[in-house]
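Starting off with a structure, shown below.
Chains: A, B, C and D, in written order; residue numbering restarts at 1 for each.
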Amino acid sequence: MKEQVIAEIHVVPLGTATTSLSHYVAACLDTIKQAQGISYQLTAMGTIIQGPLEQVLELAQKIHEVPFTMGAKRVATTIYIDDRRDRLATIEDKVKAVLSKSPNR
Amino acid sequence: MKEQVIAEIHVVPLGTATTSLSHYVAACLDTIKQAQGISYQLTAMGTIIQGPLEQVLELAQKIHEVPFTMGAKRVATTIYIDDRRDRLATIEDKVKAVLSKSPNR
Amino acid sequence: MKEQVIAEIHVVPLGTATTSLSHYVAACLDTIKQAQGISYQLTAMGTIIQGPLEQVLELAQKIHEVPFTMGAKRVATTIYIDDRRDRLATIEDKVKAVLSKSPNR
Amino acid sequence: MKEQVIAEIHVVPLGTATTSLSHYVAACLDTIKQAQGISYQLTAMGTIIQGPLEQVLELAQKIHEVPFTMGAKRVATTIYIDDRRDRLATIEDKVKAVLSKSPNR
């Protein structure tokens, strides 16, 4: 497997008149699903994606555009990248590594 | 149900000599498990918790201390709070709301 | 000086009908100015504050409430805490430490 | 002026043996200084940069690589993008807009 990063992406349109943002998030998720070579997991606070750094950033740029195509005038996007190069780890591996060390599991 | 927020907390010790941080995260998770009235979900990028705002911040302070008790000298903690007061929603509700609007589900 | 942390706080009301949020930020800033024992610096992306951890979190909770008092129904707040216990450093010290090591300054 | 975004970037090497990270930040800053068409401001918590979205993300990728070239094995990078398309605003404008609305200035 080529070097990969795990990232969490969080796209929020501002000034949208309604507090409900789930249809924007759903449209972003559809863009993520169409991306090649990217694993993803939707959470309550964002979407965790895994793939090569360059493709992750390209995808981040793409989903940042999604709310604008739906009428938003301002979008705040947070990209949090965890890039570990001494060892490969998937989204699932990271969770398992923690659980295996939790005494009260 | 009393007013609740959903938050993502991410505690990272800096200057730890080793790149592996999962035992710190496991210890933080154990503190979260012992908290009363808090729902939680571990993800690859942090822990999502749900509860009343004040208790969420108290818990955040508590888990921020955990790496120090394990020898860390510097800790970077991110707390991201989503507080919606027009409607109650759980961690699961938020994910379901997105999935229900995703055309390619 | 008692142990202090440096934190960046970022309070964003969602679903506000207008993309302009500066009056909300101004109201948050006024709450910060009234806090005892807190140093602060306004930036284009948030407010950096310095003080004892507990007071920083109390202040974060207070300013998170500000947009609700102004009519917001949903608020997203990010608190990023840098807590270094091996050495005291102020907001200014951190910037100076970087600049002193920058070869092209 | 072409459409621009304001972003805050925060690059942190993990597992570095020492809690002092300012020489990494200084090296990242030098990479930012060499970027064409980018305005920047160093803060105690990260670097705020302004420029066209694509160049901002390219620069983010470049500075994310810097700690690896200095021996780091794991790097956590946060990119927070504020992209407002109804109105141009510089890093300075955003701060001034808040201060002009602050009653106790």
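Just so it is clear, contacts are C-beta pairs under 8 Å (C-beta built on N, C-alpha and C of every residue); 3 or more make two chains touch, one makes a residue touch a chain.
Nothing here was measured: the structure is a model prediction, and the numbers come from that model.
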Fill in: Between the pairs C-D and B-D, the one where more C-beta pairs touch
C-D
Worksheet item: Using the average of all C-alpha atoms in each chain as its centre, how far is it in Å between chain B and chain D?
Response: 25
Discussion item. What's the distance between the Cα centroids of chain A and chain D, rounded to whole Å?
Written reply: 20
Worksheet item: Can you give the whole-Å distance between the Cα centres of chain C and chain D?
Response: 17
Discussion item. Using the touch definition from the top, which residues of chain B touch two or more other chains?
Written reply: 19-20, 73-74, 76, 78, 80, 82, 84, 86
Discussion item. What's the contact topology between the chains, one of line, ring, star, complete, other?
Written reply: complete
Worksheet item: For chain A, which residues count as touching chain D in their complex?
Response: 53-54, 57, 60-61, 64, 68, 73-86
Worksheet item: Given the complex with chain B, which residues does chain D contribute to the contact?
Response: 12, 14-21, 73-74, 76, 78
Response to the item:
Within the complex, chain B is touched by chain A residues 6, 8, 10, 19-20, 22-23, 25-26, 29-30, 33, 41-46, 48, 80, 82, 84, 86-87, 91-92, 94-95, 97-104
